[in-house]
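Labels for the chains are A, B, C and D, by order of writing; each one numbers its residues from 1.
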Amino acid sequence: MSIKKITKQAFANFIDNLIKTATVYGVQPKGERFDFAPLASAKDLRLDYDVTLLPPKRFFQPTTETLLTFDGEGRYKSNFDNENFILLGVHPYDMVAINQMDKIFSKDYYDEHYMKRRNNATIIACDVLTPSENVFAASMGMATVSEGFDILLTDIGDGYVAEAGTEKGNALLAKAETTDANEKDLEKRQKLQQDNQKNLNKHKLKCKPSDIPNLLERAYKHPVWEEKAKTCFSCGSCNTVCPTCYCFNVQDSFNWDLKSGKRQRTWDGCLLDGFTKVAGEHEFRSNRADRFRHRFYRKGKYVPEKLNGQISCVGCGRCVGACLPDIANPVKVFNRLVDDLGLL
Amino acid sequence: MDKNIKIDVHYITRVEGHGNIKVSATDGKIQEISWIVPEAPRFFEAMVRGHSYEDIQTIVSRICGICSISHSFTAIKAVENALNIEVSKQTDMLRQLLHYSEQFQSHTLHIGYLAAPDFFGAPSVVPLVPKATDAVKTIIRAHRVANEWSDLLGGRTTHPITIIPGGFTTIPTEKQLRTLQDTIRNTQKDINTIAEVVLSVAKNIPNFERDTEYVSIKQTNPPEYTFYHGDIASTDDGKLVPVKNWHKVTNEYVVDQSTAKWTKWHRDSFMVGALARFNNNYDLLTDNAKKTAQQFGLKKGCCNPYMNTIAQVVECVHICEAAIGLIDKILTKGLVSEKVKVKVRSGKGAGVTEAPRGMLIHEYEFDKNGKCLAADMCIPTNCNHANIQKDMEKLVPEIIGEGQDAVRQKLEMLVRAYDPCISCSTHLLNVEFVR
Amino acid sequence: MGQSCCSSMKRDIYLPRPATVKKSRMMNGTELYIHIEMDEEPLDFLPGQFVEVSIAGFGEAPITISSSPTRKDGFELVVRKTGNVTNAIHKLKGGDKLGIRGPLGNGAYPVEQTKGKDLVFICGGIGLVPQRSFINYALDKRADYGKISILLGTKCRDQRFFHSEIANWKTRSDVTFMETIDQADNCWLDDVGVVTTLIPKIDYDFSKSIFLVCGPPVMYKFVLLSLKKENVPPENIYVNLERKMKCGVGKCGHCQINDKYVCIDGPVFRYSDLASVPEAI
Amino acid sequence: MSNKPRVAVFDFACCEGCQLQIVNLEEEILDLIGAVDVVEWREAMSEQSSNYDVAIIEGSITRPEDEERLWLIRSRAKVLIALGACATIGGINKLKNNFDLRDVKKWVYGKDAEKPHLNTELTRSVAQVVKVDYLIHGCPIDRKEFTYIMRCILTGKKPEIPEWPVCVECKLKDNRCLWETGQTCLGPIIRAGCGARCPSSGFRCFGCRGYVNNPNINAAKDVIERYGLDVEVLKRKMNLFGSGNTQVTANG
């Protein structure tokens, strides 16, 4: 695959041309924060952002999506999104999260609704320029990314190094006015990436990510779950903002003819009250502390078992900022366990 | 014709809140004519005590769902007056734009859903749906535009959440304002259609006049047909009364037949509302609005209360034009994001605006922590209760020969023409039950 | 990344397939028996698997197949009325259409591994419903299995069902059928009779028999304790678990019990596999 | 006569803003009228009836005579819906319960305060007086939720009302948390379903939909302290709509 250099002006032209051919969702300011939104012009793009409010997962698993429609006779029809789009400015940790979700949604049972959007997407990732106040991707080994993207951009000051990760990316890059990246450009890129592997670390994990499953193996009855969950609101914010949370609810609703309607899927969260409630009001994980613990086990043990051991927290730090009582920070919890239980 | 009449309308319908009409006459001799309000009292002035200046708007907005934006603005103006808070020109213009949306929303609601059935001789708008589908859809469309307009600026259609003492929590984008402007432009056609439909049945508007004092606010600097800024004015004299002296205008008093407090200024009663604004500020209407008035034969000085609904039609025409101009003015300056800063202090202050159904006044007093110590409000329907009673007293003898049903019908129409907002008025009003 | 992969040939895992109700009848005050046939390909299932039943507008509910795949005309469900979907299912009559997804559940009954072994089915109330699939399967392939016992505990008489089938089991010499009924006046739907009292009554080699347990959540604790007392190795016990479920295909997260998913790892679990799953029982 | 369900709308002490939301359905109101027969609705029509299947009740109960009227409605209706905060949790009217009622009356009515017709009693929600089948929360109600619940009722379905707090919807709306800007937002303890309307407009949630089933009030107090704010301020905000009662559920 090609590695090119593209000047900032050429990049702006490239993006402005892309906008003419497809919907481009690029990172832009939203109030004092950042967010992916339809891009009207390259000049609105902010690739120096720290972190987006919601992770880009919503482009593949929308907050609400219609899975099926049914007609007045109860006949079902699948509903798919077929629009091609470009996602511009995905940070490495979010790219890793998307790679994880791809596995989850394509493994065992192939989720065409997710995968269709995924396959319709072109992802232009970019290395982090401004670390956010809670990022700890470096601790998780996810400060940089080597696969999944179609193009990866690295800002080297006088332009970008653009690496194609797929044929699609290659073809797209061919449309831009580029030069071959030279030794010096690549050195600059390497320097930035190496720095990021140190700098994206506002909360330092006291162990290797690969130690986490074993740590959790021994921590099921640890008092930290009860202690922290005492001030948990069960607000699910830690779930909602997380790029690797994917639990969902499914609901039917009727149209006004009271016969036809749709089946929709919406985001859900394992921290929420009622998540495990069945008919007759019995709730299996009714205890806050149990739900609180479940989330950490999913991130550090259960989901990794489905991902060849890769930890399912990418260190974006969103949950750290989203949790009002400040109990959701994975690093704080894991470090506490390291302190109390030691590493084997 | 039967000379015995017994009318006992228990809850007049298609008005906001609960009001009763009682008329009895034997052998053509009138024994009783009363306008009664049995609405449950709600005690807002007592309930706001102890709450922060920030929460006043949230509370008092709930006085009325239909004029929640006016209540919010009046409260916020009073709070700002008490705490000596200045707002920017941008905030001021955006507020006026939002305030217009409520006038428009409330007026279309009243004209289309509440009053129109009377003109068509229908009990409600529901049976009109199959008969006059297009007309109903036009009303719905205009009403939706008004609501989208409130939603954009106020955060919701009812009980706005963006307006806070000192400014806005959030403002629309320039693009959204442009779109709104286009939408309003398209709605102007619908307003004209509505005016034509109303005109086609205008002959059903009773011909009744009673020389009346009309009170509204008036803005002189610069002169403008106002809903938001200004001092209190009466058609009886040209003097302007600043809002801090509002008690001198309302002069609440108790009458024997009712414990409900009524208001009076230069005479026994006065009227507030669209017709009052029209009579006080006619010269400042846009040309198109004046033209609409002419079509209906509505002239400055009109003292037929039934024409209040027509004055609302005229105001709709005016509001759309004024809003389009205001958006241009806002956009030529460009929108900037402003930070609201409030320094809390003790103080007392009053605010006045025009609610869709007339002049609305709030007054609050705060301690040094911004905690509310006392509140006082004067609601437009409050001001109108006495005038409704006086109108009835003149009207009934004039039409008593038309028979019970016609009398009843015309009385209901009269009350509806005032577009009363009864639940608003009751937390201050002394309520009497005649059962 | 498999972005270039062409997925259009795959079936939408959330799309129900059309099916028709052949028959439905109430079995007692709360349970509806319903016989269903797929409109297109027939359902190819194993005992213990379940389907997601779709009633348009009301949603989906996971329901275990109660009939045995050895009986080839369609499949049978028994549904208790508890909420939106099950209420709507109760309104279905012969000829009505509905949607079916499945069969689902990789953890079906161990019909192959248990060949030649003695089987003990311990059922609490409605727990008989899923067990019935394996019971009838084993009875239809009677020669493949050793002794077969069925222990059933029901809270009160009105809640019994499958009367004629049970009567038949009772008369068969190659089946041991035992039943308790706890006839308390105040009859709660979710309670079981004291099925545990029946366990010591069977004269099998407990260390070699296979125990299949299904009933309401409260039952498991007691039954498993009894089996432990009898020194039954956990490898020989199978339990049927139930959790809230939305997708049935291991994605939505609702039925997860620690690291296990009821839908794709169960609903039938080998008890020994649940040693590290504290949330299970 | 058609066999469509007969629906009647009634109001008690309230601002009628929730009824207004029904009018505000705009075009969709034609769908509603198509699916049901509205037989009484004082704010919008003159027709009246004592024969109805579904009663929609707006407002809270503040006087003995209101209570009697409500009993009558309950006895006539098959299905009773509490519409909006006043009906579901008592709403803003409940603020007066925080004061001595004699003082409240005196404050507003002065020397006339003790006249019998000015009687007022502790404000109660509709559910505190009669059995309620469905609660439609909010001040005002959310139009989308209203039509969803109406369609559920018409199809015999139990609506799924969120058990989780406003923060969920607020995050889904991609908002920055208002606590970061110094606002005391009640989102974490208030029931969702409004689409986080207020926080999405930059205004703190003030609790019009009532508490979630299991609000962690103590955590709220801890957070207040962490942000260096005054617990009293929080309490007064929590009183605005909830007036201290933590739970209201429908029987339906």
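Note that a residue touches a chain if its C-beta (ideal position, glycine included) is under 8 Å from a C-beta of that chain, and two chains touch if they have at least 3 such contacts.
Source: prediction; values computed, not measured.
Student: Once you count every C-beta pair in contact for both, which comes out on top, A-D or C-D?
Tutor: When the contacts at A-D and C-D are counted, A-D has more.
Student: I'd like the most central chain, judged by C-alpha centroids against the all-protein C-alpha centroid.
Tutor: D
Student: Using mean CA coordinates as chain centres, what's the chain A-chain C distance in Å?
Tutor: 38
Student: Which whole number of Å gives the spacing of the CA centres of chain C and chain D?
Tutor: 43
Student: Chain B to chain D: how many Å between their CA centres?
Tutor: Those two chain centres are 25 Å apart.
Student: List, in ascending order, every residue of chain D touching at least 2 other chains.
Tutor: 155, 157
Student: Touching two or more other chains, which residues of chain A qualify?
Tutor: Chain A, residues with two or more chain partners: 251, 253-254, 277.
Student: What are all the touching pairs of chains?
Tutor: Pairwise, the chains that meet the contact rule are A-C, A-D, B-D, C-D.
Student: Provide the residue numbers of chain A that touch chain D in the complex, in ascending order.
Tutor: My answer: residues 30-33, 35, 53-54, 63, 230-237, 240-241, 251, 253-254, 256, 258, 267, 269, 272-274, 277, 288, 321-322, 324-326.
Student: In their complex, what parts of chain A are in touch with chain C?
Tutor: 67-68, 70, 73-78, 99, 102, 104-106, 108-113, 115-116, 118-119, 147-148, 150, 166-168, 220, 246-254, 259, 261, 263, 268, 270, 275-280, 282, 284-285, 290, 294, 297-298, 301-302, 305
Student: If you look only at chain C, which of its residues touch chain D in the complex?
Tutor: The contact residues of chain C facing chain D are 57-58, 83-84, 87.
Student: Touching residues of chain B toward chain D in the complex: what are they?
Tutor: Touching chain D from chain B are residues 11, 13-18, 40-43, 45-52, 55, 58-59, 62-66, 68, 109, 113-114, 117, 123-126, 129, 137, 140-141, 143-144, 147, 155-159, 161-162, 164, 169-170, 259, 423-424, 427-428, 430-433.
Student: Within the complex, which stretch of chain D touches chain A?
Tutor: On the chain D side, the touching residues are 28, 31-32, 34-35, 147-148, 151-152, 154-155, 157, 160, 163-165, 167-168, 171-172, 174-177, 179, 187-189, 212-214, 216, 218-220, 222-223, 226.
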